[in-house]
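Shared between the two complexes below is subunit A, which pairs with subunit B and subunit C, respectively.
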Partner chain A sequence: MSELDKAIEQLRACRPIPEPQVRELCHKARELLIEEGNVVGVDAPVTICGDIHGQFHDLMELFRVGGDVPDTNYLFMGDFVDRGFYSLESFLLLLCLKVRYPDRITLIRGNHESRQITTVYGFYDECLRKYGSANVWRYCCEVFDYLALGALVTGAASNLPPSSAPFADPATAANMASDTSDVEIEILNSAGQITNRFPRQRRSPHQPQQQAPQPNSQPSSSSQDADVDDAPPPDSQATLSPSPSQSQGTNQLPSQTGAPGTSASSGARSQNDGGAILCVHGGLSPLIDTLDKIRLLDRKQEVPHEGAMCDLLWSDPDEIDGWGLSPRGAGFLFGSDIVKCFNHKNGLSMVARAHQLVMEGFKEMFEAEVVTVWSAPNYCYRCGNVAAILELGEDGSGGGYVPKSNGDVGRSLGLGGWEGPVNGEMRRMGGPGRRYRVFEAAPQDSRGMPAKKPVADYFL
Partner chain B sequence: MSELARSFAAQKLADLPKEPPQPLPATPEDREDEYSSESSLSSTGTVLPSPSQHLVPAPPVQWTKYFAQELFLQHKLPSADEAKYHVYLTQPANLKSPLFVCHHGAGASGMSFAPFALSLRAALPSAGILSIEARQHGSSILNPDGDTVNDFSIAVLRDDLANMITLVRERLGWSSLPPIILVGHSLGGAVAVELAQKGILGTSLLGYVVIDVVEGSAIEALKYMQGILSSRPSSFLTLESAIDWHLRSRNLRNRESAAVSVPSLLRRTADGKWAWATDLAITQPFWEGWFQGMSQKFLSAKGAKLLILAGTDRLDKDLMIGQMQGKFQLQVVPEAGHFVQEDAPEKTAEMVVEFFKRNDRSALVLPPKVSDLIAQGKKV
Partner chain C sequence: MNLRNSVESEKDSQGLQVLPLEADHSFIQPAKRIHDGEDVSFFLSSKAYTDLTTFLLQLNASMFPRRDKSSAHVHSWEIGTQNVEYSAANKQLKKLINQLETFIEEAPPDTGPRRFGNISFRKWYNLVEERVSDLIDQYVPVSVLDFTTKDNPVTTAKDELRAYLLGGFGSAQRLDYGTGHELSFLAFLGCIWKLGGFPKAEAGIEERGIVLGVIEPYLKLIRRLILTYTLEPAGTHGVWGLDDHSFVPYIFGSAQLSPAITDGARVPQEGSRPDAPDPSDVAKAAAVERERVNNMYFSAIGFIYDVKKGPFWEHSPMLFDISGIRAGWAKINKGMIKMYNAEVLSKFPVVQHFPFGSLFQWEKDPLATPVKFSVHTSTQPSQKREAGSTTSQPIEAGPLGGTKAPGASSGGPAVASTTRFQGREPPLRNLQEPPTRAPWATPTSTNRMPPSTGTAAPWARPRTEQQPDNATAPSGAPWADK
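And then the complex of A and B:
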């Protein structure tokens, strides 16, 4: 077994590796990352993950739910560190996996991958506590500077291949379309059972929005008419849950392409004809109107306080028109007009991003032109949210899906058409087939957690 | 200096002849309404003792180093109670320049923002700063019989703050309110949030800054507060020993700030000692009401929001979610204690000024909307 494999094994057990080994790992990682462009090209199938924030045990749960590396391809959209108690183990494990399987895992930078932020929000203190010096923190920060700013996923299937995963609730199953050839969105729980499924909408003016998946579709919210109480409580679900290999198996396709998110096939197309997905930690920037402008940035630096690089890592989508000031103090708010324009111009079907806590684990906005994926369940051990990962399948059989690209449908409508019903027509195609796996926090192992801080002395 | 040396020094001080430093801005009765102009500053310039000299009782630090004027504002409340508010003020350069309205925490005083005010003005010379004093903290509220009114509910504290802003405007003859940033420390944060949420200041309110108070952790800490209060010395022999106690107990961590703010917390008693000016025990029934629901108000009120904390672990669930959803700006000053603006006045001022500049509507230019570009016939 190689040194690297040993390190992976040790980190999987949530035990830090020795400082010299971290140094070497970081050195190798930098050599690898320096070769990546600011926008890394990634072929579907891939599983997209949001913030982790040092919640190591939940990262293990994520791998259990989504499949292990290298069986599943992963794209992590940053914020690996801070807040949780195991930032070090989480980040080093991901970094080891990156070095070991460079084509299977993609890491891009979040706003917490920064010297300034990590000194305040925990990662620096954790390194100091675990190694007695700041060296490891310094090595990691050097790696942060080399992380890509975004990723472009191409070759994603427009429809989800039919899966034989069981339904969590048979009553829901009865309500759902039996025709599985045209599934746009499928939501699964951590036991690998389908909790919801949405066929691709043929939106017409008469079809009210409620038919479409709610923008912030909670796994159970759309099936409220079904008897939710039938769903087994989390405990019994856990006992019902198949082992990771089984859950992979249940998703196996009849074809050879493999389940979405798995790497059974690697012959993905690389062109944008299906509408690529841009993955970035925060969002868009007023200084960036084309992907090429991201590619031209000099990223090998600490995250600046303003400018395009800062915005990509800090901005948030919001229900506004145009741009807004971000309440965070960095980055911008951007409205649906901005995203639609950007996606259209760049041949994108969707922007996937993280950065914002979503209680339901994921949230689609602006007719699915933007999705937020959040992968830290019960964030900071107190927020009570669930987490999600997004699986995109490989485009092998995406029949019936008219690719959206430059010069395509809707172009001729002119640009006045972003508002009003006409545009609903233009946007009817929506994004790629999306399978969300929602999961809860792993049972907490309290070892290694710092003792609760004493309350402040004086607080009036 | 070691703990031992400090306590030794304190003892030494106690033994020194009690040559009383002149009482500071002592009781309101001693002072007339006065307008000190900037030019009078030079005559009252005071020298702070350097750490090595601090065995010598310090000359009292005057508010005049930090603010241009103090005002006493008489006001009859709807309850028929008579208010005599006390505030420190440096006017903004004009009514387009921002006014930072500061509200101290319980048991503190308007001087809690004194070094902060200096740093703020250094960074933003056109800014005005109004540091108010709450009832029983420098302002007094008397009922028609002349007795002190002991109502400290959040609503009356909020109205006091609103009244003081209005009265200052009237006194100075401002035609309108300048853009206002509320800055509240601890209880003051709760009052600021309450005022922001009520929308009393209308569009004049640009934003609000809350310093080191979060509903969850504050309410959790309340049960220890009685113990903490009862373990404080009830009086000090000298002002210097009071300053020293604040530093030794780590309540305050910046000698310059402590030298300014601590004397304002104390009043001379008949036997020549220095006792607390504010009886916090009588405010106890109101404590929970100060902080209850504060996180939701903080998140839902209109205006830009900045939370400055001494430690990240002070966020409660609501604010943790709010922060991670990008609803407000959080700044952490790990080197500071609870009195962030006193322990790190420059850094706090820098954060607040940056916050203002970012949210300054007069300077704000956002990139155009897509629809506007289209209207202009531009290709997007």
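And then the complex of A and C:
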């Protein structure tokens, strides 16, 4: 067994590896990462993950639910560290896996992968506590500077391949199982059972929507009231069929949340995929209108306080028009028009991002032009949210033409990303088939208490 | 005495000066003054800082058990104790808190889909804003509101009170709550004190009334707000902060469990009340359940148990470490005050929102010792330093620089020490804002704000109050029209 495999084994047991080994690991990782572009190309199938924030045991649960590396191809969208108790173990494990299986795991940078942020939000403190010096923190920060800023997933299937997974509730199976040929979205619980399935629909968004099946057994608080009964609560009904009236208010919270928040029945999509999926930690930047502009950035530095690189890691989508100031003090808010325009211009079907806690683990917005994926269940031990990962399947040949856009300007023209103006609006087709696996926090009973309590300096 | 000079100062019986009634006083509409790290340094040598810390230490000292000089009988000050007599002023302020709590019924949490924080908190907050004027008229002593001023003042005592009271209940914009808001409420009480709103009494009597009769009910209200509207904890440091939202209950609660003092005597540096629970009891759920009704420290810990799942040592390692202290609750009290100074009062992200008027003045305190401050006074660690160096030289505040390494000051444990607050400091740590906000961030007071978000940028500076004009220039960079 190689040193690296030993390190992986040790880290999987949630035990930090010695400082010299961290140093070596970080060195190797940098050599590897420096070869990657700012936007890493990733082929489907891939499983996309959001924030981890040092929740090591939940990361193990993620691997249990999503499959292990290298069996599953993973893409982590940053924020590995800070706030949780095990940022060190989590990040080092992911880094070891990256070095060991470079083609099976992609790591991109989150806003917390920064010197300044980690000194504020915990990772620095954690390294000091666990090693007695900041050396390991420094090694890790050097790796942060080399992490890619985004990833471009190509070759994703437009429809999910028929799944043999059982239904969580046989009653729903009757509603959902009828048509497996054209599944756009499937939601599974941590036991691998289907809790919800949405066929791709081909209606105009302005037509009245048929009520899609309600999730009935998703392990989240809100799904409990969204039962299969014929009278779903008003809020979940609303989330399933966004109507023109609902999209008026810009002060409203984004109306689509998690399981009931998928855009499956929005009708804006029809069969056949229309492009790649851009993955970034935060979102878009007013300084970036093409993927090439990301590619041209000099990323090997601390995350700046402003500018394109900063925005990619800090921005959030919001129910506004255009751009808005972010209450975070960094990055911007961007509205659906911005995303639609960006996706169209770059031949993208979707932007996948993380960065914001969502109670249901994932949230599709703007007719699924943007999805937020959040992978830290019961965030900070108290938020009560579930986590999710997003699986994109490989285009299985039979399914129709899937253009492999690399997102270059102009490359998407004529590829069917947009149907053209309809009722004065641009409508587009496509979008990858999306399988969300939703999971809860790992059980906590087996964790041993540390033997000694270091005394904080204020109390010496 | 104040924190600046050290918590070990011998003189602690002075108390916050009450303004002389006969003097004409000009009130000033409180305004934010702290815009960058340098301003934090100035704040730490300001009159406002002196007054805030004097008031805090005065309240703290009052919560130590008292031994009668004659009978040697020890009085302790549990939550709900019969030993404390509440003045009319105290009782009225408690009613104010109760009144605010009733507004929750009028603003039930929204049941619709949401990302995290509940937007109905904005309704609750709007109710407070609408009614704050009447509330102050009703519950703040008339003598305070009528405090002598020059003829036809533009600004009144009420204007100052309103600013601090409204600042005490979290951010309606971000749907979060933190120690900066707690500090604002403390200042509200400090204003009333300075304006003679609390009756003159022997040292400690009114102070105890304030802590147990007003602050503890305030903390209960805050906990209810947090639970009702899921005010976001995200801007905390997760497990690496003391507490997601509060600080003062740890100060007053540890004082409650410290050894008894005789009136006027200096506060002890270590030891515990003989019947005090052991500090390690905080890690025992049953003990916490038992003590939380009596003690403010345990009451705060109990709330953590209510909201957090998982092993205590893992989700609250700081409090867990503190529970290993063997030198008693007085030692913990002393450490908490040091920590409050470093982690709350000296942190840009926390104090940047604090407004200054005539009662908490943005003016240099001539008696203040000069402060040569460190990372935590700045919006970010700025001067490039060799991270992990083992020396503990002071870190200086510097210009905002994107690529600078933050000051990683020492090889010490996670919570770096302070040498009388002027030496080596921990990297800045923001106890306030829940979502990960940029530590450099200043709030953008726009009307249309999204629900709370994740992480705040530590470096954020004041931005213009205007949103970019989205309708006309959908793809324009927001800074383009500056």
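In this text, the second predicted complex is superposed on the first by the 343 of 460 C-alpha atoms of A that agree within 3 Å, B and C clash if a C-alpha of one lies under 4 Å from a C-alpha of the other, contacts with A are read in each partner's own complex, and residues count from 1 in each chain.
Heads up, the rule we're going with is that a residue touches a chain if its C-beta (ideal position, glycine included) is under 8 Å from a C-beta of that chain, and two chains touch if they have at least 3 such contacts.
These numbers come from a predicted model, not from an experiment.
Engineer: In the superposed model, does subunit B or subunit C contact more residues of subunit A?
Structural biologist: The partner that reaches more residues of subunit A in the superposed model: C.
Engineer: Is A:H355 contacted by the first partner subunit B, the second partner subunit C, both or neither?
Structural biologist: Touch status of A:H355: both partners.
Engineer: Touching A:L325 in the superposition: subunit B (first), subunit C (second), both, neither?
Structural biologist: both
Engineer: Given the touch rule stated above, what does A:L296 touch, subunit B (first), subunit C (second), both, or neither?
Structural biologist: In the superposition, A:L296 touches no partner, neither subunit B nor subunit C.
Engineer: Report for A:I34: first if it touches subunit B alone, second if subunit C alone, otherwise both or neither.
Structural biologist: After superposition on chain A, A:I34 lies in contact with neither partner.
Engineer: Is A:W137 contacted by the first partner subunit B, the second partner subunit C, both or neither?
Structural biologist: Touch status of A:W137: second partner only.
Engineer: One more residue to check, A:R115. First (subunit B), second (subunit C), both or neither?
Structural biologist: A:R115 sits against subunit C, while subunit B stays out of touch.
Engineer: Is A:G84 contacted by the first partner subunit B, the second partner subunit C, both or neither?
Structural biologist: second
Engineer: Do subunit B and subunit C land on any of the same subunit A residues, and which?
Structural biologist: Shared contact residues on subunit A (touching subunit B in one complex, subunit C in the other): 83, 120-122, 286, 316, 321-329, 332, 335, 337-338, 341, 355-357, 359, 379-380, 382-383, 385, 453, 455-460.
Engineer: Can you list the residues on subunit C that touch subunit A in the complex?
Structural biologist: Its residues touching subunit A are 111-116, 119, 173-174, 230, 232-234, 236-241, 244, 307-311, 313-315, 317-318, 320-325, 331-332, 334-336, 338-339, 342, 375, 380-381, 387-388, 390, 400, 402-408, 410-418, 426-430, 435-444, 446, 448-461, 463, 467-468, 470-471, 473-478.
Engineer: Could you please specify the touching residues of subunit B with respect to subunit A in the complex?
Structural biologist: The touching residues are 105-107, 186-187, 213, 217-218, 220-222, 224-225, 228, 249-251, 280, 283, 287, 304-306, 310-314, 317, 320-321, 324-329, 331-332, 334, 337-338, 354-355, 358-359, 364, 366-372, 374, 379-380.
Engineer: Okay, in this complex, where on subunit A does subunit C touch?
Structural biologist: Touch residues, subunit A against subunit C: 53-54, 82-85, 111-112, 115-117, 119-122, 124-126, 128-129, 132-135, 137-138, 141, 222, 233, 235-236, 238-239, 250-251, 253-257, 260-261, 286-287, 289, 301-306, 314, 316, 318-333, 335, 337-338, 341, 355-359, 363, 378-383, 385, 441, 444, 447, 449-450, 452-460.
Engineer: Can you tell me which positions in subunit A touch subunit B when the two form their complex?
Structural biologist: That would be residues 83, 120-122, 286, 316, 321-329, 332, 335, 337-338, 340-341, 345, 355-357, 359, 379-380, 382-385, 415-416, 418-419, 453, 455-460 of subunit A.
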